[in-house]
């Protein structure tokens, strides 16, 4: 009874250590070790980590694989871009246009008045809310329609993929309202603060880290709440959960919306740090790539998602600087390797090979070894054949990397 | 059974009233115009050859399968119109034929999830593992002989223990109607004995529907037995009466 | 929009438009057939389906080059040989992929999706490194280009007829194979109960490998046929993937008939919408329609057994 | 930024891909005969501290530039030619003595057909590698993505593609045509020569075709008194054109005016041909097909169509003959050269001219000196940079031949002034 009775706070000791280590790496180590230029890259990568975080909850815990997370990343990014674009399109900045005061791409498309749905984005508060709520609302509509009718697994993946395709075509096709394939570019200031300077980018990096840590805490809270256990239970035996009196669909809708909002926050931070937003994030390819960040980090590990994102992107950048032709081989190989050989990603490797040696150092790890021997899965066994790929270590797995 | 004999007034005395229930899959009537009634605190055993529609009846009651026609009334509430989780919340518990537990979670967590609180999304987020929860889990764990295994991941339990765990998950909900689908199937002799003992303690103060093949076991627990054959009731009554029924003998023993 | 045209013009146009819809239908069936076998029968989500098609297209290109350079006299018939080669090339690659990768993933359908996506990236880069980043132009025998004039306005595309004929031939062949041959029975047995199938002496591993190979081989033939109407380049396979999956899923995945019906519905919708609306909006509306129908009526369309 | 001038030394020893052109070979005949820019003697006199006051990667012996194109992803199809042309130009410049006596080294980065990657790589080239100039980008979207980077870190970009206009930056030299340069002369020609009055506009659905069609429509309706009988856009990558072909048959336009790109292009022409539309009878004028595209479409499928460009590989002038020969020598006999490839080739040469005019590598000075810089040896003929940083150039109409080449059928008498913000066309 020792463990089950000792949980009053939602973070276990090893979680706290993991978060502190991550915070230390992001706040102290990386800013000191990297020059400003590389640090800005890290800031950009971290925005993808928000998506990966959402996928851990949605895919890893609840077993819902969405191939349309780019849509939410994009929606969040576009909301932020609309605000910034309006600020950049003041009447004096745009006086050479036929209609001054509206974004340049609208003017090129013979639009003479700001469309109604752009109007509220003059307001930063509304924009911040929209970043979180618009994607969540969209996810709610999609999720509600599909989960209520028990569409799941492969079908959900394919339909979300189709949604990503539709969204891309729409954004590109409605260029008068969206900036088309070029996206919304040339963003300059946030409430008068120039976001293009190096000092601003540094500040934004730390804001991004702060938000990410906050979102990690939210993810931990959800994961360690009863809801987190219900998600795992649902992935395993959906019917049993239903016949324990739970409305399974509403839990799925919740976690899908949460993942959407997390992605959208990432998208908004991306727009702020990189200075533009374009439909190339919304499509199928980026959406699937974001899944691989999660898979590499460990689909069940919240902190693993962050490390996985950083690792893949770092590899992508350095690989493509040296051997651009080989990068696709690397990325493709990564997909296959992570599925065939390391279904639990970095977190799984950590747990199998590193954590056992750290046992005495961590209170939590030591406690785990105190569980009956039968509870410790044999090291490095292939995953049990329970779809969708429930790993042998299950909920215990994330503990290690964290 | 002739449904017209039963009046609405009489319904109130029954915990469960199934009337004129029919379900067809692509024209095949798995359950055909079925009617039966379960009293308060009654233990009803449904027997019948394979394919008689036993499991389908349970599926219909708990909402897993939707009836084509007919009604299922539980304490005067129409179940055919309700969703699965609403039926559970109304007080109907169901154990599946194969042990259906959460292998990735510990025994404690398995029972905790079944604890009938925090069943909505916000409820689950704010659910706290307070003393009452722990006490109740401990109590149930002792009943199902798993008090020592609370921190064990469920996938490492034996088959019999998994069956007990699932029964425990139902008990913690304290349902008024408990439906068990072959609770002793695949068990060793000693496990079977222990299970019979378990069932005898848990069937108090609730109605129970059990599907079982093991006649010895049925004889031990049944108040009343319903024999299903080809989706219809072949015979109903006490074990002795059913065993004497020539129709039953014919179905079971052949011509 | 039709006020200014004469009745005969209009009827001709509608005739041709119907024909265009039929071509699109054939194209969809060809695209989806291989995937329907792999996805419907095996539960594997093959995201590299487009790359298997493009392999067929490259095989066709090299066959045409070979005939042009060495036996120009027989250039007129090279296409048939190319299609057979394409079938075997893509099929062999498919069997190799099944052996190396897919067979370890049958119990994890979502993971096949990720692994085959990785495979598609690798194949794209292989094509780019080996065949060059530019598109290649596949030269067709003269008789396959152009059209047969029926009336002054109505003309029937020869390659359209060819694609239709090919589609019918392959569909019939697949149907016979799956529903009439002993091998087809084995495949269906494995799909329904692989343990039992194994117990009665069916070599399930071999059945899996050949089924996957067959699906990929058909993709190769489709790719070969599409050199008549589309582009051949390292990334051309990506152009087809979303449409293909939607056709298969919309059809209910398991039955061949479902795939054909769904291809018919989607192609007719798209072709009609394209005629009345602009191309982009037609595409959006078609996709959206399919998605909404899938959301509203999954139970009717999702009669499928994924292998468990 | 934490990086400083030392970077230029640090990276040059570590860069894996840094390639140096062959320096000591005799100058190419093209340059020996020109004598225009090859004046190494005076360059030697200029100290590095004098020609490089902003910490660019310039040493006493060499100068580093960046090449930023997609070598992977869907755009690699189109951008390969540009990379080849830029490398050829750099090679030739090095053989002729370099720029201000310095050999050009290049760092090539892959934009991977992904706009954010372009921005990331542009930043790396400017901030990390301190390159003196960047030759790169192909699509408008990639240019839009890198533009803020170039403006912020004050780099200079030579952009080769014909594009929609509506842009002008101190930090970009546009060596391709803006929309009016490409479109108007072509429409005038087809109106005059073929008596075309009705046009069917069809394009891929993104900003360049839409802006181009907008300009075309205004010109057709307001200047030529013609009429547009249909206007259609298809998603990028669309492969089914039978319905629109039927519409074309129904409306019987004098001219099909096409701006379809990428994989769609191939499908469009193959299906046109299959539908029995004979391009020797039906006029088709395109602004999106160069020799590169014909490679994928197949010459026999597009023979007869007209293309409105500023350069064709078949141009009959001495500059071009030398250029084509050199290009094929470097990249193989089978390579074809399209309009954009030629425009990309101009980039390094125009940069060299501007640097030598400014006697400095400083971006501000180069940008300023670029105005009115001319390049008489351009394969397309004489070109000159306009104060708006676009090129004065001619417009030409070529007719596609079955062998994949174009036959020149018309060229404007004078250079056309670039006008990225055309009045009356917005």
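All chains are identified by letter, namely A, B, C and D, in their written order; residue positions are counted from 1 within each chain.
Here, a residue touches a chain if its C-beta (ideal position, glycine included) is under 8 Å from a C-beta of that chain, and two chains touch if they have at least 3 such contacts.
In this text, all values refer to a predicted model and were calculated from it rather than measured experimentally.
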Worksheet item: From chain A, how many touching-chain steps at minimum until you land on chain D?
Response: 1
Worksheet item: Of all chains present, which has the mean Cα position farthest from that of chain D?
Response: B
Response to the item:
Per the C-alpha centroid definition, the whole-Å distance linking chain A and chain C comes out as 34
Fill in: CA centroid of chain B to CA centroid of chain D, Å
75
Fill in: Mean-CA-position distance for chain D and chain C (Å)
37
Worksheet item: What is the distance in Å between the mean C-alpha positions of chain A and chain B?
Response: 42
Worksheet item: For chain D, what residues touch not just one other chain but two or more?
Response: 71-72, 205, 233, 235
Practice prompt. Find every residue in chain B that makes contact with two or more other chains and list them.
Written response: none
Practice prompt. Could you check chain A for residues that touch two or more other chains and list them?
Written response: 169, 172-173, 325, 328, 386
Worksheet entry | Those chain pairs that satisfy the touch definition | A-B, A-C, A-D, C-D
Worksheet item: For chain A, which residues are in contact with chain D within the complex?
Response: 35-37, 40-41, 44, 96, 98, 104-105, 107-110, 169, 172-173, 175, 180-183, 185-187, 196, 198, 274-276, 278, 280-281, 317, 320-322, 324-325, 327-328
Worksheet item: What residues of chain D sit close enough to touch chain C in their complex?
Response: 71-74, 76-77, 80, 205, 231-235, 237-240, 242-247, 249-250, 262-267, 270-271, 273-276, 292, 294-301
Worksheet item: In the complex formed with chain A, which residues of chain D make contact?
Response: 1-3, 16-17, 71-72, 108-110, 112, 114-117, 119-120, 123-124, 127-128, 139-141, 144-145, 147-148, 152, 166, 205-207, 210-211, 214, 233, 235-236, 421, 426
Discussion item. Taking the touch rule as given, give the residues of chain C at its contact with chain D in the complex, in rising order.
Written reply: 5, 9, 13, 16-17, 19-20, 23-24, 27, 125, 128, 132-140, 145-147, 149, 153, 155, 157-160, 226, 228-236, 238-240, 270-271, 274-275, 278-280, 282-283
Discussion item. Which stretch or stretches of chain A touch chain C in the complex?
Written reply: 65, 67, 142, 145-146, 149-151, 153-155, 157-159, 161-163, 165-166, 169-170, 172-173, 284, 288, 291-292, 295, 325-326, 328-329, 331-336, 338-340, 343, 385-389
